[in-house]
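This report refers to the structure that appears directly beneath it.
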Amino acid sequence: MLRFPKFKFPAACMAIACTALAPAVLACTSLLYGDSNNQFYAGRTLELPMELPYKVSYYPAGTTFGSQADKHHVLEFTGQNAFLSIGMPDPVSGDVKVVEGVNEKGLTFSLLAFSSAEGPVDMVDNTQAVLSAIDLGEWTLSQFDTVAEVKEALEEQPVMVTSLLPLGLMKTPFHYALHDATGKSIVIEFANGEKNVIDNPLGVMTNGPEFSWHMTNMNNYTFMSNIDQSKLEINGVKLEQPDSGIATAGLPASNTSVGRFVRAVYYSHFAEKADDADSAITTLSHVMNNFDRPRGITIDNRFRDSIENITAPGVNHNRVYTSEYTTWISLTNLQKRQLYIRTYDSLNYIRFDLDDLTDVEEIRHVELKDVASGPSNATAALNP
Amino acid sequence: MLRFPKFKFPAACMAIACTALAPAVLACTSLLYGDSNNQFYAGRTLELPMELPYKVSYYPAGTTFGSQADKHHVLEFTGQNAFLSIGMPDPVSGDVKVVEGVNEKGLTFSLLAFSSAEGPVDMVDNTQAVLSAIDLGEWTLSQFDTVAEVKEALEEQPVMVTSLLPLGLMKTPFHYALHDATGKSIVIEFANGEKNVIDNPLGVMTNGPEFSWHMTNMNNYTFMSNIDQSKLEINGVKLEQPDSGIATAGLPASNTSVGRFVRAVYYSHFAEKADDADSAITTLSHVMNNFDRPRGITIDNRFRDSIENITAPGVNHNRVYTSEYTTWISLTNLQKRQLYIRTYDSLNYIRFDLDDLTDVEEIRHVELKDVASGPSNATAALNP
Amino acid sequence: MLRFPKFKFPAACMAIACTALAPAVLACTSLLYGDSNNQFYAGRTLELPMELPYKVSYYPAGTTFGSQADKHHVLEFTGQNAFLSIGMPDPVSGDVKVVEGVNEKGLTFSLLAFSSAEGPVDMVDNTQAVLSAIDLGEWTLSQFDTVAEVKEALEEQPVMVTSLLPLGLMKTPFHYALHDATGKSIVIEFANGEKNVIDNPLGVMTNGPEFSWHMTNMNNYTFMSNIDQSKLEINGVKLEQPDSGIATAGLPASNTSVGRFVRAVYYSHFAEKADDADSAITTLSHVMNNFDRPRGITIDNRFRDSIENITAPGVNHNRVYTSEYTTWISLTNLQKRQLYIRTYDSLNYIRFDLDDLTDVEEIRHVELKDVASGPSNATAALNP
Amino acid sequence: MLRFPKFKFPAACMAIACTALAPAVLACTSLLYGDSNNQFYAGRTLELPMELPYKVSYYPAGTTFGSQADKHHVLEFTGQNAFLSIGMPDPVSGDVKVVEGVNEKGLTFSLLAFSSAEGPVDMVDNTQAVLSAIDLGEWTLSQFDTVAEVKEALEEQPVMVTSLLPLGLMKTPFHYALHDATGKSIVIEFANGEKNVIDNPLGVMTNGPEFSWHMTNMNNYTFMSNIDQSKLEINGVKLEQPDSGIATAGLPASNTSVGRFVRAVYYSHFAEKADDADSAITTLSHVMNNFDRPRGITIDNRFRDSIENITAPGVNHNRVYTSEYTTWISLTNLQKRQLYIRTYDSLNYIRFDLDDLTDVEEIRHVELKDVASGPSNATAALNP
């Protein structure tokens, strides 16, 4: 639980937020792209069948945080690094939880849905302070500079996968992708009762199944190449593909977590290495556009599945179906600590510059919807 | 040939332009999207392995045009409708030729690469005025209100597929997709020596092979549905796809003309019917993002193929390969006569409003690169 | 109409035969395979949702035939070559029509379903003898040695696509694939009112759409290669496919005519060139096994479609669906004039040797079902 | 090690056998098919890039066996059940090891390549008798009636994954699929240092990765259905697939273990439930034909990979490549204890009847190559 003053949160909104955190209806693609100067850029989508009251927040260094896991003592920590984040309210407390963020050292954090998350059994004495998994964003962004530091710290720090709802419901159904300015990535995943902190040299993460399953699956795509094989002669017949683009023919077309993982590896790896930061961000934007899922493109029967699907609005003129769509996309320049966000209802990106907030000494929040269609540089909204 | 004063065109630029018109390296996706109010919106990408000096142009009603096909008398015509367009210089004359445009009645025109274009043999007396196919954009946008009118007029008007270069090289290697504000579409295609003007109820066009081939190919996708089939029980085993998005699993993954055609039908048809124009444009933007091809994603050996590939710059740090990429995307609101353009180097869209130019009485051009990163409403650049 | 004595044909059986000839429910794959000695072997499947009273027949040289197309004079011809065939009774006359056959010069003929067959309008004077398309098998096998001869003869000989049923129903809905001992193949196809005799250097034919559509479609498979790309290193991650067989990942999985055409090109081209005839036949058998469609693998609603689907028996325990399955597969050694047949109900192939029938001087028929499970050399059944 | 007299084994042959057991070049598909009377039939392919001296063997009840794992005491056991098997010589001892078999109770055993097999660390006292994993075939077929019995026995019996070669090379790189006459299946798999005995309700097994990976992968195929969706209307355009077979369009086309697993589930589940044993066996033969891989269809660079690939003969006329092909296919009737085998060089199946060997009181072997092309009932070869 955070130590800064609680803001009120209407019950209806909480209900929505609650359902939004449910695993079956939240999908995400996170990837890391490097330019030709070894500078790195993180792209990330978030898919939900509904809108949530997202906040863009700034946390200065020196902010104090607290995390409580069930009956354990509160883990208190003070921020070493300022960070920018996109957050979602906790369904019960209303506290803002980090979904995506970048800190002043260029460490990024992405919370991604993982329905089968299952942490270790609680064997820790209640008098010991334990980190609640839902607070991993605040803890990593505020405390560490690199994924290596995070990895080392997690060897010591107990983390518990607590329930997000009363009665033990919804065991924090997420896993976590982190990238840093040196181009290293890790995944933090609680699966089968174990805490796994795994190096992620491909820099890609989506959703379930477990990260290790996806990595094994990549062995089914060893034929990947971006070079068009556009000519073939068989028995004297000269076949020729008149168009470019046949190289992607073997990629999976599915928009599921599994299909997106493979394509995210392909796109982040084969996109041209840009020669400067501006080109890198536009290149990354084109990459991420290939993971932009319009409402209606795939739909689910809203009454068949879980409660959260009932809460989500139906697609227009076909109310019995809901559709998971790309609520927003973020692009992060890890060297320049700039966070670009494009929401579903907006044609264009807005940008926040962490470096322009260094003189701000308190936590600041702004509703994402209030700035999404405003000026392209939205930093001022956090430093009015 | 246009009657307005010729502007100078540097030779180097012309050489590039020339190669740019070559069929093997130009790909495009055109589609029509309708909202729930039966208002229509056209999306279109243009892919080339290089940048060209595109111009955004405004032609008022009353503009006089001329088109000359080989030795035939010049076909002269005067604009009935004002129109906005994105144009590309003719390789020889330097005249701007319409690649994409919308007129004041909401008729749109898209020129798309079609390498095997082959028009009728010239049986027309030289003393008769004949339209050159490369001038179809100016002719249709300036003269007609609907695709039905265009279709009717083409029953009478002879059109010739002339060479774009001396010595009979490059027989105007394009076909043409037109949409109108009533939601009707046609394709104009010269193939096997015949002029075909074909109703296009799916509203989608890409590149070769012939339009009729693509329509036959759609019969291989009768299983298309946007409803996720996420559960299956076999022998008591309950399979369940935890993520949404499996409905697209059967779509083609190739970025070739053939793959894009099928996906363009899918995306334009299944995207949620928006309830207002703003939502429609953002929905269309998400649809078009799925046809946004980053540089490097597919690459071709630049020396193996035709001359134009040699002219194109190699991809960064791998100069032997060129890459066809989405140079720009346009979104057109046919009811409001608004044209949105996003270039490859720009993160965001700019917009031109035809209705705000009604008091302009002369042709206006602006270089696309000069406005692409400027204010989101760029109309003023055409009416300074 | 054949000149040999009519055998009786029960009405019920005729009804079945009639429906069997209908296009929507008959599929076939024909391909030519060459060994390392330039000897050739033809493989062919026939798919129907029901059993028909197929006959294996022997026609000696000197047999006289007649073909009548509507009101035209009967075209009479005398066999120059003996041939073996698998035949199906004509729905009205009960005459046996050739579905598959090989003659003493190694010319083969395969009749394959093509629902949109449409021949030229009958402009020929009724007093002229015209070949009915349904008799192409008898005409080509009995008269010619090579596909080149067939092609030449068809430049002169008028052929009409007549109705197989009264009232103009069922316009002989087939096209025809022929191979010869030199390894040449042609397709005879009546489409859009024209008779097309087309060289077929890939040696593959299935069903609709038109042959030219399939050939264009092959340009979408220029990446075809049988070499497994089983290793890939990305960002230092060594991906490795532990199993062999990844080379086929890009092939179409559909069992439709379109999917089978592509795979038939792949399989016939990449299968190892055998060094002797026995190995060639077993290699071909393995190739054809990949086109062996079990009952139930794909099913259709029997009442939704055409009359023939109603006649077909439902799949076991799910009578509302019918299933098209591989009724039989034939393998033909063109040099040795041996015809192997395996029916759906039989585990193993039987063989007929044309050369062992040279002393037979009259037409012989045997019911396929009577010999399908008998001795592997079934030639004696035609020469008891 | 077996107690029956050792037969001599030439060194060259042993070298081949040795390489043949290597994981990277051996692939298999095992599946269980049930008819409408709840009778069961097992199909299985074996793929290798070379021929091996396979033996078909009969072991009467009462046969004594011994299995030694490293330095442990020999585990001795006496057969309770007679069984038929196809075996491969052990690379070092020359003893025949069961690759495929069925016993008199209808229990079947299939040894399938699994390169990453890794058993538990040897913590057992050397004075205890331990089963060597390579002897699982003899042990299960001779001792048990059902997979439930095998599963229960394996809870007590220690099993070790020993090296097949000196110096600790080749740790028995297999996993094991068992089916029984009640239609139950299990998989025995040593992975990550653990012995897993897993219920296999889908009845399918291929090769790596682990069985649990494949089962998770099945969640990516929840859209599987054998019903052709052959009609679709979009914007008034009536699309229609004229051919049957579009239902398989979403299946994987790859011939790797992963692709074959999915297709084996599809084919074994959707093939028509036959109404009698003869139809069931022919139906199963058609199913298995879809897993029949011709030589050359996919090829690997023989020198790039491991030693075993060097030993394998190159494909004809392209000696630098080897090709994994379906060396043989077996079909087993679990109720009637009949084993059908078709080798690559043979067009047709031969059959062995276990029930016809009940009076044989000693172990019998016959070389598979000596009988593969002989009479279709080959049982007499084991009971001359």
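When the chains are written out, they are named A, B, C and D in that same order, and each has its own residue count from 1.
Here, a contact is a pair of C-beta atoms (placed from the backbone, for glycine too) under 8 Å apart; a residue touches a chain by one contact, two chains touch by 3 or more.
The structure displayed is predicted, hence computed values, not measured ones.
Centroid analysis (C-alpha atoms only) places A farthest from chain C. Put simply, the C-alpha centre of chain A and that of chain C have 56 angstrom between them. Separating the CA-averaged centres of chain A and chain B is a span of 35 Å.
Each chain gets a centre from the mean of its Cα atoms; for chain A and chain D, those two points are 44 Å apart. Each of residues 209, 219-220, 230, 241-242, 246-247, 249-250, 254, 256, 258 in chain C touches at least two other chains.
Contacts between chains leave no pair untouched here, as each chain touches all the others.
Contact residues of chain A toward chain D in the complex are 209, 213, 216-217, 219-220, 254, 256, 258. Those residues of chain B that touch chain A in the shared complex are 23-25, 27, 36, 47, 49, 115-116, 207-209, 226-228, 230, 241-260, 266-267, 270-275, 278-279, 281-283, 285-287, 289-290, 292-301, 315-317, 321, 323-326, 340, 344-349, 376. The touching residues of chain C, when paired with chain A in their complex, are 201-203, 215, 218-225, 229-232, 234-237, 239-242, 246-247, 249-250, 265, 269.
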